[in-house]
């Protein structure tokens, strides 16, 4: 019996920080919310007023760029891994798992060297590419796993009907595994939305709204980092407000996706 | 005649699509090798300048006073990474195990799904939000309650020497622990669930209680997997950047005291990368640190997965038997 | 083919919602780029409660300026002023967006040398070696300010409105780890009316390459021979206090001020405005004339007047620490904008951008100076403005002079 109590205690202990973070973010961040908060851009250091519009825009745009890069490549790569298993696929899968474990700051300095240093500019594009590189292995692995779950009878049945391999993949398998694939994509989006380190040396940050993807941009995460370490009280309030917005987006995406995936059934016979 | 040309056409289409898939599949290895190339290339200057002594050098002086070339050693950062990771594992492993057991074996069925959900929420919180909470909540908490308590009771130990500002290795270790609990516990839970029923049923058939079964059959069988979870969590902790940078105090120092500000490998890079003042060796040294970090994360990841694969193999073998 | 239960339709809808929002955000962003200026915001009002700056005199820029975005990075010391300038200038010239990123003087020097930004900013004057590395780079002082010694002893009963006295030797002792407690005799004798606590000092310094550090170290070297030999002057020295127990590093002026604010018994050095903004304690430092001086507009101005001299536009690297004068603040420093004399040296530069940047800098050293005082930066002395004008007139793009007035 004590062991049940100990395990329960461990579980509750693990929940304490979660509750503390949610509570703190709600309480402190709520004070920041206002119409201005969502429609104006960040004030200069120490200034008052303003909002986080440029950060929200930057986050969306860079995650968007990352998705455009990460989702198609990840889905196709994952499809390849499940449909054409072999030595090559085995090593690709292994490397994908390794890539998911690479610290995001390493990805950041990699993309700095690849894009920023060679192009001589910090840009939202570079930030988006860094996020895209992070999404590729995640989407690859989750697509692979989802396709693996589709029972082989479906696969074989489709091929037996004379449908070509590519059409089988697109119209039969991927649509059957659709929920799993979308879950993987949504989770990877939620993950990169919360990333900061890869953006530190690529997107750099900006006080203004975006003037193009070849210029630096801000993001919710960069804003939180800058404002949290600032000495000004209203900067802290902004940081909490941005954290509230970010947490809301990330957690709700997570919740929707996980709730829906519990309800799904993937084509088992 | 018609059939053969139609057949040829049909044979061509899949090839095109297949090529698309192969190109996509190539993306992953290309990224990995490109990453190694760029970071390795960036590190060459530092490797030439410092050689192997970079890894054991304990002085981190990027801008010596008289315009002398920088003297850079990675040991303070490596030391800080190791100590904070160790603290986080000491705290997180027992809790992760408890959570994993709770989720898989010991909780009433109706609580299972909510418990999964809650721990996953913990994993979903972005690192920078942990850092924000850490800086504005945890640091004062540690300073006012934990550090002073430790100082009062165990202050004679060199571990707890010095002024406790709340920014330092102990606080960083605590935040890392919180962040790796969901990761560690989910892997442990999976390996515990993967223990074949035959093991459990055999133990129960012999008259063991639920807990005795866990202790004598499930856990020993899952031992490899649990070690794998620890290794994976370790790799995760070593690579964590933002939350640690915000609470560790950012000083290149090697000291036994857990209260004092220090550095970790990722936080050095985060702090100093954009500020590298014009000399190639300094930037190159940061790239070399990035290479070290990559290598550590790679090895941990690989090791963890090998261990899990080994355990899964055993589990399959047992189930078949 | 198997059928799916219909309950799982939430997921695709959620994804579609996210994508639609992203597309809308992107569209809004692009629209804002091409038409309206960056949204207005209130200017700095936090310190003295002064009203927002009066509207500018009618020095209108050309209305046919094509939209340009200029990127600058560097010192955090003048960042409040620089960021105010970019916002105000954008109000006057909506087509010109100047993005200034405070990443520390070291970063500013690095990024402009690497040509990844259009202009840099640094409080630390470049060494001759650094100038060699970045041929064609010129330094233009755009403002000057004071480095305040700030402390947090509120939990020990010393309010932040109590002024503590410091000397250069005491400060050197603290940052060399020789003076470890607040009630050390050397500090206490300077402050006979204050009961200093028997607590360890947490000495906060910069973790990044910093011009503010440079100015502080420059001052300490001038007054303390031990500091000069053991530590010296640089943007990121090895702090002896780190080897003992009391040192903490923070990123940027904001980081140091923030850390001092959060840490009882801490001391730090930051630009005045950062200390005042957070209502931190500010110390009075002994100057060569023997007086304990607080950093104010007047005392910093006195230092500048005494020590600036008449430099040539070819080398405007100035040292005004430890300036003469009975009411001069001893830790004052100029801060510089770093630009290439020949702007075409930058790979991402265009004629329009170069012209816009040159015009902005011209505006900054003239009209921009009216924003300085509210943020406790001293307006440039007139001889420096003239020198800057000469420097700006020498800026070219592909051989063509950029400023013709």
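Going by the order they are written in, the chains are A, B and C; count residues from 1 in each one.
The rule we apply is simple: a contact is a pair of C-beta atoms (placed from the backbone, for glycine too) under 8 Å apart; a residue touches a chain by one contact, two chains touch by 3 or more.
The structure displayed is predicted, hence computed values, not measured ones.
Undergrad: Drawing the touching chains as a network, do you get a line, a ring, a star, a complete graph or other?
TA: Chain contacts: complete, every pair touches.
Undergrad: Give me the two chains with the most inter-chain contact pairs.
TA: So the chains sharing the most C-beta contacts are A-B.
Undergrad: Round to the nearest whole Å and give the separation of the Cα centres of chain B and chain C.
TA: Result: the chain centres lie 36 Å from each other.
Undergrad: Where the centres are mean C-alpha positions, what is the separation of chain A from chain C, in Å?
TA: 34
Undergrad: Per the centroid of Cα atoms for each chain, what is the distance between chain A and chain B, given in Å?
TA: From the centre of chain A to the centre of chain B is 18 Å.
Undergrad: Which chain B residues sit where two or more other chains touch them?
TA: Expected reply: 135, 274.
Undergrad: Where in chain C do residues touch two or more other chains at once?
TA: 73, 103, 250-251
Undergrad: Where does chain A touch two or more other chains at once, residue-wise?
TA: Counting only residues that touch two or more other chains, chain A contributes 204, 229.
Undergrad: List the residues on chain A that touch chain B in their complex, please.
TA: Going by the criterion above, the answer is residues 3-4, 6-11, 13-15, 17-18, 20-21, 24-25, 28, 72-77, 79-81, 83-84, 88-89, 91-92, 94-99, 101-107, 109-110, 112-114, 133, 136-137, 140, 164-166, 169, 190, 193-197, 200-201, 204, 221, 224-225, 228-229, 236, 239-240, 243, 246-247, 250-251, 254-255, 258, 262.
Undergrad: Under the definition above, what is the set of chain C residues touching chain B in their complex?
TA: So the residues of chain C touching chain B come out as 73, 103-107, 109-111, 113, 127, 129-130, 133-134, 199-200, 202, 207-209, 231-239, 242-243, 245-251, 259, 262-266.
Undergrad: Which part of chain A faces chain C closely enough to touch in the complex?
TA: 39-41, 43-51, 53, 56-57, 60-61, 63-64, 67, 116-117, 119-122, 154, 172, 176, 178-179, 182-183, 185-186, 189, 204-212, 215-216, 226, 229-234, 253, 256-257, 259-261, 263-265, 267-269
Undergrad: Spell out the part of chain B that touches chain A in their complex, as residue ranges.
TA: Going by the criterion above, the answer is residues 10, 13-14, 17-18, 20-29, 31-32, 34-35, 38-39, 41-42, 94-99, 101-103, 106-107, 113, 115, 117-122, 124-133, 135-137, 178, 181-182, 185, 211, 214, 232, 235-236, 238-242, 246, 266, 269-270, 273-274, 286-287, 290, 293-294, 297-298, 300-302, 305.
Undergrad: Could you please specify the touching residues of chain B with respect to chain C in the complex?
TA: 59, 61-67, 135, 139-140, 143, 161-163, 165-167, 249-253, 255, 257, 260-261, 271-272, 274-278, 283
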